[in-house]
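In structure tokens below, several structures.
Note that subunit A is present in both complexes that follow, paired respectively with subunit B and with subunit C.
Moving on, here comes the complex of A and B:
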């Protein structure tokens, strides 16, 4: 049986093998190689040999030296891209998970209008992140509704001259808003799968609401929480659309103070600095891999399957 | 222990509750639970026995906190800190109502926050620029200005973008469906050497950030000469997206649920694998395939990064790029009324899709979780 079907299976897989070889496996190897190539020129596909310099240049350890020109330093990554990405990740992921969990548990406990609310909370998922980013830009305009409500008309959040921390708050609020629906949906499907017996047992032991939440609901939801955590950490490390949607450019002024790592990668491609872009992408890949690994390792002890 | 004692009367109702849950669950689970209930009930009984036997009960009677304990048939009534069971029950009922109100208030408030940007988008699109920029913000347009929806077409080439997006979306989705169905069938039903290993390999690629691929893919398509002409640019926006590992995984799981007996029966009837796939498997997995179709279409509608890199001319842009690029270069006061009219044009088709295919979208996302 196995022998008979052998060639047939690969025939069915042929389309994806061809496509993935060209657009997934080859690029993966190629990007790794480009990251270690000196002065790679993608139009003629030439380089001047093997080097670690690209990583050093991206991380502000060594300057770009070309001919007799002044050595130029790449400061965007170390000053803006990495700190911004880390802030976004460690602010939005925990906050959005807690809010989503609270909403999901709340939704699960109400007897009426559950379906309607569930649909409302899902709506942000089916919107275009650039379009809604532009709506948030109107909300956070210096003459916009947010400033009107907090009585601070005229001070900029994301416009020209806005301080970096205020722009970051606006960005984080937008990211949390747009990341809630997916998390709520996953948590709700997890909650629906919890056996009612556990709650009856908790009742017998006279556990309060909060205690039940912390000792029954959260541990039983831990597979869903792990899943959401891993996907949203990866998503937050790759944040890009939200900056483009909300601010439209890499900074709140002529500079680049709202750069994220992925923003830097795409900008570098546009500037013909494919080698730096590759080095940054490899670094991002390693960080994401390490992070996912750590989460799996921690989850071994904490997650109840 | 004391808590258990207090809760002893509730054992009966708990058991009744558990009975309804146990019917659905496994019989062993139910028995285990029954034993557990019995055990804790016995423990309480034992404790009460000791309690009355060694004189602690007598001491309690004289202490003001625990005034009297009476036994009514099988039910235990206990007074603790001056409260009878009735008042405790009443307090619990009030607590339940309060917590329900708090929950509704929280959920309602969060729903308002979720909906507010949409409301603001709609009313801003109906306002004049002076009204948008004035210091006193209005929650409803003073004069409803429909002309924004006429003027927006001068700034925002909606028709062209819509056409491009539909072309790219439909062709890339249909291509994905073909490759996904074939691959999922091979992974779920056919047996061949290296199948499981290869499946693991392609699953592992999901962990890799797309940026790793984008860089080289950009070089590849420019090397292929796809960036200079319309057909090339559209191929560049379509062909790399004909594979979606996650949808292969999703459909494989679905195919695996279809009983093997069907496959064997089809074999006996002399059906080939190919006709079995298209005549039996695909119709049976239709709901998942519809989910994939809609989610993929939404992904094309929302894609920004890659089309932005490859579509160098205005007339090749997809809707999201068109939206962003139409409104970044304006100088002076931003035309928010027009911008919001354009964002409504981009958002409404998605919402319509959501209204008509809510079930498929939510189920697909519930299992999937990858946007696009």
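Moving on, here comes the complex of A and C:
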């Protein structure tokens, strides 16, 4: 019986399997293969055999063979893409989670205007990120409102000639801002699921507000926190569109000082260096995989379902 | 410590726009709960028991009235300052903490006052010559000692390292009691703590609550809708209906002398039997049968509701009250008889000795006068005889 009807099941699954094969599995496998191909030529799809060199070149451990004078892009990854991505990840993710949690808990405790504020905080989410980026670009313009407020008119944040650290601050603020709504939404729905009796119990047990937050709310919200943490770490490692949205180009100088890993990958493809792009993508994949694995492992002890 | 409720009222406001009326959850409640006793708040679902308890705990603010703990007015005191332990209707144990941490949690928030001593152990005095008092947290060792002591009282020592979801209902309930008891509260409040348990465990746990209450001597208020539960373990009970006190006193007293039809109906299993009857010449009649003679007072002739407890009806071939027996249910120790009488308000039930000889069909019965009451048909249907 079961065997006879098996083809039906496959038939139902066929559309998604075909789509995933074309758009997910095939590119994924190709990327892995290309990452290990020597001098892969994208146009004619030929290579000169197997190699580990692509990784070395991306990480600027191995010099590229051709020519004596190295092109500028060889140090992009090690000098800009990796540090920038790490800064973005480890600054924006923890900060945005803490801020989102604080806002969600705050919203949850003022039932009166909750709906209005919820809407306000959700507006950035339904707004195009490039549009939000343009708003931030105006705010951080060298004659923008931020400089007006801090009384430093004319010194650039994100415009040509701005120091890398200042552009980084503006970028992180922008990323945190635009990542808040989704997190707040998740936390609010999690908070709504917590039985009010635990808070009554905490009151009877004479726990203060902060202690209740740390010992009751956060543990009971831990599944949502883990979900948000894992998805935002993955998202932050892949940050790219925020740089485009805010700065519009890979750097505040003539170069690429605002590169992220994905920005580098994108530009490599433009330079017809699909093999280096693939190698960088594989490295990023491994880092994200390892990092997510660590989070799951740590969460085994800390998350209470 | 004695607890007094004075004119305690709780009104949940409705919404006039949507035509939702106010809910008078508790109405002008006056109670004195004696020191060191187990006191039961008894009443059907929705009569305001939990609301009363929450007001005593400080979780809900009274609309009017006062709450006194001994000679301290605690009406406006926040819950953590009242020194109460509360066991919630569904325990509300913190699911992410072990039993040990659950019980220890209230202690980690506790501050004890202590006289400050100098290096040689002498009491340090403050500016006015009084001993200098400092507040401090409990140490880990002190907490551990208290947790283990309390765990021993409620017998949960073996489960200290489990999470609440790894415990049975009865064990969870004991943990909840431990969490409430560990800080040595002035008052212990229990909200239907047995409602989640099966019949056998319920019996066992209620004995345990009784034992714990006796051994600690803490004034305890126990909320239940199960009259048997309330009768069997409490020192005193109060019966409530729709937020209004009906009667309070010793359980047996309330059972033997119910103030009105509601109380008589609510107490006792199987429930009391009601008949349409009347008082004539100071005698109570059901149909033609004279079931009781009123001796202590003179009452005018009137229609009444007659209530007879199930144990107050005794089969006797020469008895006054005729019955038609429908069903005989053997319950081991005794027999439950279900029968009909033309004047009944619902099928009658009565309990007789297992060796009584009864058969389905028409029988006659005697009525024990002290198990027979007459209730007025007017107002709150007070008992008049």
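Everything that follows uses one rule, which is that the second predicted complex is superposed on the first by the 296 of 305 C-alpha atoms of A that agree within 3 Å, B and C clash if a C-alpha of one lies under 4 Å from a C-alpha of the other, contacts with A are read in each partner's own complex, and residues count from 1 in each chain.
As a convention for this text, a residue touches a chain if its C-beta (ideal position, glycine included) is under 8 Å from a C-beta of that chain, and two chains touch if they have at least 3 such contacts.
Given the structure is predicted, the values throughout are model-derived calculations rather than measurements.
Taken together in the superposed arrangement on subunit A, subunit B and subunit C clash. With both structures placed on the common chain, the touch criterion links A:267 to neither subunit B nor subunit C. In the superposition on chain A, A:253 contacts neither subunit B nor subunit C. Contacts of A:15 after superposition: subunit B is touched, whereas subunit C is not reached. Judged by the touch definition given at the top, the superposed model places A:216 against subunit C, while subunit B stays out of reach.
Among subunit B and subunit C, the chain that touches a larger number of residues in subunit A is B. Of the two partner chains placed by superposition, only subunit B is touched by A:106; subunit C is not. Of the two partner chains placed by superposition, subunit B and subunit C are both touched by A:205.
Look at A:79: by the touch rule set out above, it reaches neither subunit B nor subunit C.
The contact surfaces that subunit B and subunit C form on subunit A in the two complexes overlap at residues 195, 197, 200-201, 203-206.
Those residues of subunit B whose C-beta lies close enough to touch subunit A in the complex are 3-4, 6-7, 10-11, 14, 17-18, 21-22, 25, 29, 33, 36-37, 40, 99-100, 103-104, 106-107, 110-111, 113-115, 117-118, 120-121, 124, 132-137, 178-179, 182-183, 185-186, 190-193, 195, 198, 202, 205, 207-220, 222-223, 239-240, 242-243, 248, 273, 298, 301-302, 304-305, 309, 319-320, 323-324, 327-328, 334, 336, 339-340, 343, 346-347, 350-351, 353-354, 358, 361-362, 365-366, 369-371. Across the complex, subunit B is touched by residues 1-2, 5-10, 12-13, 15-16, 19-20, 22-28, 30-31, 34, 42-43, 45, 99, 102-103, 106-107, 109-110, 117, 119-132, 134-136, 138-139, 141, 143-145, 148, 153, 177, 180, 182, 185-186, 189, 195-197, 200-201, 203-206, 209, 227, 231, 234, 237-238, 240-241, 244-245, 248-249, 262, 265-266, 269-270, 274, 277-278, 281-282, 284-285, 288-289, 292 of subunit A. On subunit C, the positions that touch subunit A within their shared complex are 57-59, 78-81, 84-86, 88, 90, 92, 94-97, 105-106, 109-110, 179-180.
The touching residues of subunit A, when paired with subunit C in their complex, are 195, 197-198, 200-201, 203-208, 211, 215-216, 219-220, 222, 304.
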